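Both of the next two complexes hold chain A, though its partner changes from chain B to chain C.
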Partner chain A sequence: MKITGTHQISAARDRVFTVLTDPECLARVMPGCKGLESTGDGAYSIHLAAGVGPIKGEYAGTVQLTDIEAPSSYRMLVDAKGKTGFVKGEGKVELVEDGDATTVIYEGDVTLGGPVAAVGQRMHSSAAKLMTRQLFGAIEAEATAEEGEDVKHSIIRNTLRGLRSK
Partner chain B sequence: MPVAKSVGARIKRREDPRLIQGLATYVDDLQLPGMCYVAFVRSPHAHAKIQSIDTSAASALDGVVSVVTGADVNPDVGGVPCAATDFPNVQVPEHPVLAEDKVRFVGEPLAAVVAVDRYVAQDAVDLVEVDYDPLEAVSDAEAALEPGSVKLYDHFDSNQAFTWDLEGGDVDAGLKEADRVISQRFIHQRLAPNPIEPRGVAADFNAGDEQLTLWSSTQIPHILRTQVALMIGLNENRVRVIAPEVGGGFGCKLNVYAEEAVLGHLAKKLERPVKWMESRRENFLHTIHGRDQLGDVEIGMKNDGTITTLKYNVVADVGSYFQLLTPAIPTLTGLMLCGCYQIRNVSMHLRAAFTNKMSTDAYRGAGRPEATYIVERIVDCVADELGLDPLEVRRKNFIVKDSFPYETGTGLSYDSGDYTIALDKALKNADYEGLRKKQAELRDEGRYLGIGLSTYAEICGMGPSAAMPAGGWESGTVRVDPTGKVTVLTGIKPHGQGQETTFAQLIADGLGVDVDDVKIVHGDTDSVQYGTGTFGSRGTAVGGTAMIMAMEKVKKKVKKFAAHMLEANIDDIELEDDRYVVKGNPERGVSLADVSGHAHRGIDMPEDTEPGLAESHFFEPSNFTYPFGTHIAVVEVDKDTGEVDIQRYVAVDDVGNIINPMIVEGQIHGGIVQGLGQALYEEVIYDESGQVLTGTFMDYTMPKAHFFPRFELDNTVTPTPVNPMGVKGVGEAGTIGSTPAIVNAVIDALKPFGVRHIDMPLRPEKLWRLMNGGESS
Partner chain C sequence: MIPGTFDYHAPKTLKKAVSLLNEHEDAKILAGGHSLIPLMKLRFAAPAVVIDIGRVSGISRIRISDGHIQIGALTTHHTIGSNARLRRVCPVLPETANEIGDLQVRNRGTLGGSVVHADPAADWPAAMMALRASFEVAGPSGTREVSASDFFVDMMTTTIGDGEILSQIRIPEPPAGSGSAYAKMHQSASGFAITGVAAQLTLDESGNVSAAGVGVTGVAPIAYTASAVEDALVGKAPDEGAIAAAAALAADGVQDANEDHHASGEYRMHLATVLASRALASAAERAKS
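Here is the complex of A and B:
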């Protein structure tokens, strides 16, 4: 499954880049993330819950950030598996300054395997889109927050933020 | 009480009360003391090396009795068998019951968990840690045959499983003499058989008797017994297979599966009864699939519509391993390529490809729906090319009534037929002329009605042993109890075909008893003499004949006893209703119960006659049977939505003599629906990495009752000379006939849009695009 798109976030590029690459921030903004720990060298171990239709499951694995060129681009490799199958993905993220805002350009290829692949295939790309919106909504909230402000995240809140921010 | 003649009567199925009331016993209804439950660890990868399997966490889970891997089981359990490997250039893969070094399709089992209940077993499956090294997979059959493709088997030259060639007449000469030649690619998409009851196995080993009892939802209990005994190393007489109530099979239970041997092995090893019921998701992944051929056809024709040549160049996707009959299935396509037409020059060049998918094998029709689809689409293509009515092209090429038995270009001998009468009757019932008028009128209004014909001939009553991979004969025993009740032991395994009713009808008339006094026993290898099983529309044509022959032997003996008891000449004894009477003196007579009581008492016996009253017969058919018919579908396709509305469905089938019209109609109804399922809805889709994308009923469209109009059925009767009852078989006719009728109808509807062919399934999106200026996706 190809995932590509652009998303504009009303925050400075440095802040956006920090949120995107800081494990603590990422853990807060990633939909369904239940844990994200740095294991050094741009690698993280990740634990997240995700569901498409009736197949809800938890996945554990690794996220590897490579070719990091702060604050403008990096590549990301995801490899996680759980009881309901596995997810493998590879993608590139670019951040372009756009006045006071930042445009995030992303493209990636995600492979699903096992039971999760066999159900609701028609819904996979729309589920991915929804999760992406939530993600960017949350990133914007984090990136525009005052220092020390406690940003509240929830699926609905972040989806609405994602829809608003475009 | 006089017995009304029951053959030919619409007797309600005797099976149904127990099915409707929930009184039937399926594998999943079995509960044995101490029973454990088995769940399988299955590969999520289409192609991967198994680096390691860690079962420690699973084994430690409370309630888990045993966890076994391929390394534990394979030394003691032989591989999954294939009975059809005699092919040119064949490469036969090893097929271990649990994958050990490598997995080759999603769903392949590699470990089994035994636990005290189903839930613990499933939880333990999640705790088995498998370290896979994923490999590139190939899921496209043509790509798999390309040089340089990733290979499923390192030690094989390529992914080519085998080749097969068939040629009748002279295809090149036929192409030369043709006025025109057209070609067309046809895709027969992969289908999931989807019986309402998935597979299930239970096993119990009695160490005291050294006896394994294996319950399996199977169509072939005896063949399964032989194979499982060989696989797990028990004497065959120490294995008893029971196929209890079987909730549909459609060919997918005409097989020997890994789970059957693993359960037998586990029961023996653990000395505890074990059970496994397949989930629907497992069923989509690891029960055989049907069809999956793609091929190119070249057709030579004369300007008057005569078809001179049919050349079929095809790739069959056999999946990753051979199951029981995998390689044999596409060859049936070749044999039936000419359908009901006199096509003298015909050829098929088949290449079979291994891919990282589940194996294909027999699914209702098994190779023949592909043939019928091709030839029935071709006839329409020829009509389209020449601007003729598809009806006229059919008439032009029909094998004529006087030429039976007819030798086809593919080497078969069609037993009997009269294709014109079935066609004429269907045209009349449908009001074909009226439909064409209506079609023209509606087109003027911007509405798209389509009329599709399918004039099929199919091969049934499988079959002469010489032409079958694993024997084609069938067995029957008829026993009369001392009280005159009759028990039939049949080697077939009915699972929806209604032989507990039709066989009882035959016996009732044949021996002069009431239908309710006849019991049909099947599916237990300790009760029933060896048999072949139910598949290939053979149950009645072959199994019924074996029973009739045994019954005739019984009847001969009954007459001998009756003559002795009535002090008459045996040649003067005749059956009148329920009494054996002396010709011309009907008040002198005895009933079957009188005779059987006498025969079992054992004194005052006729000379040279054994006591008792039971006979067996093993029937070897001299030929296949060839049912035929005409199906006419009338559809309207909605330009705004692309949806197909089936307005009428008219079928005239000729399946030879009919024992119970209601059961024949039921078989045809189900068959039509399954054929329409392929035409319009169904498709097993693997993505390019070999993942199954259609693994639930949300993703795989099954036909539902409200999709269809009331079917308008009728029949003609052309008995077969192959068996004494003159029956041909009806299990697959509907499926074989209906798919092309619907596709032809939809393409006919879309003619104003310049459409010549559309590949199945004809989903609304495809049709909408074609009708609204886009390309078919």
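Here is the complex of A and C:
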């Protein structure tokens, strides 16, 4: 399944790049992230409960960032599995300055296997789009949060706003 | 295909069901079970507690009074599909019900379960948008009423909180001179809508459209009101030309349409226009007779 798109975030490129590549920030912005640890060299071990509405699956695996050209691009490899199947993905993320804002351009290919692939095929692409919207809502909140602001709150607020302004 | 272990409760009142739901962590409501049970069998959902509302009284009736059609959340698709009075008063309701899945699904599946599950390909949401339905939701601190346009938030996501139960669906009784219909292209294996359009038209004495409601499912992550279609029809005679011109706007403003191996987004948007014109033509026909 191809996942491509662009998303504008109203924050400077350096800031957005940090949010996208810093394990602590990433752990906060990934929907359903239960754990994310750097294992060195751009590799992370990850544990997340991913899903949509009542459909949830827990996945554990690795995320590897390569070809890092801070603050403008990197490639990402994801490999995770759980009881409900596995997810493998590869993609490229580019950050382009756009005045005071940053445009994130992403392009990737995701393969699902096991039960999650066999069932609900008709919903894979809509589900991926929903999770992407949630992710960018949270990135926006994290990247634009004032120092000391309670980010958790603005994540929820921005995610909801993102969902409703479709 | 065997669910995890869970505790089971079958309360007899709505109040008890709400309090059980709020007493337990990770509890889930079970209605017809035609969406929840398959998820549990595949372990996509593994609630610790299942609260079966199948025995709750007062939430599986259809009542038409005081200018409203009120349908209990637990009413099955079959009950709605075979209701003779609804067929006269608001034909799009039984028509939608009878388009769902197969007889077994219609015998067990409920209106409430379908709208709370909010599958992007579910049939009911189209009619709920077209008919300007509202939803009565019972929670620990009383009930609240939500309009259909606020109820659906995103695919498989509604405003219903973890501790809340949908109790009633209310639809304004269509005034004299109204007609409604549902047109659908179904996916042949499950019956789910690839695209479905529900429409209701009300005509004034001179035969012009005084009110229009059009809801579209299957195209976007949630069903939407095709307001461009509605606006284009109000004040006009619903003849072939006016319907065709209005129906052409049925996917206006849709970005990122749903796509899967059954149908591309573009095809779904095209279907919306074709099905809108069919639904509007039958609605107009019924409004005149």
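Convention: the second predicted complex is superposed on the first by the 149 of 166 C-alpha atoms of A that agree within 3 Å, B and C clash if a C-alpha of one lies under 4 Å from a C-alpha of the other, contacts with A are read in each partner's own complex, and residues count from 1 in each chain.
Here, a contact is a pair of C-beta atoms (placed from the backbone, for glycine too) under 8 Å apart; a residue touches a chain by one contact, two chains touch by 3 or more.
What you see is a predicted model; the values in this text were computed from it and never measured.
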Chain A residues touched by each partner, larger count belonging to chain B or chain C: C
Partner chain(s) touched by A:83 [first = chain B, second = chain C, both, neither]: both
Touched partner set for A:117, first chain B, second chain C, both or neither: first
Touched partner set for A:126, first chain B, second chain C, both or neither: second
Touching partner for A:35 - first (chain B), second (chain C), both, neither: neither
Partner chain(s) touched by A:56 [first = chain B, second = chain C, both, neither]: second
Those residues of chain A which chain B touches in one complex and chain C touches in the other: 53, 83, 115, 119, 121-122
Residue ranges of chain A touching chain C (in the complex, touch as defined): 51-57, 83-84, 115-116, 119, 121-127, 129-130, 133, 160, 163-164, 166
Parts of chain C lying in touch with chain A, wherever the complex brings them together: 28, 36, 39, 42-45, 117-121, 153-157, 187, 192, 220-221, 255-256, 258-262
Of all residues in chain A, those that touch chain B in their complex: 53, 81, 83, 85-86, 111-115, 117-122
Touching residues (chain side chain B, partner chain A) in the complex: 44-46, 106, 126, 281, 284-285, 685, 687, 689, 691-696, 698-699
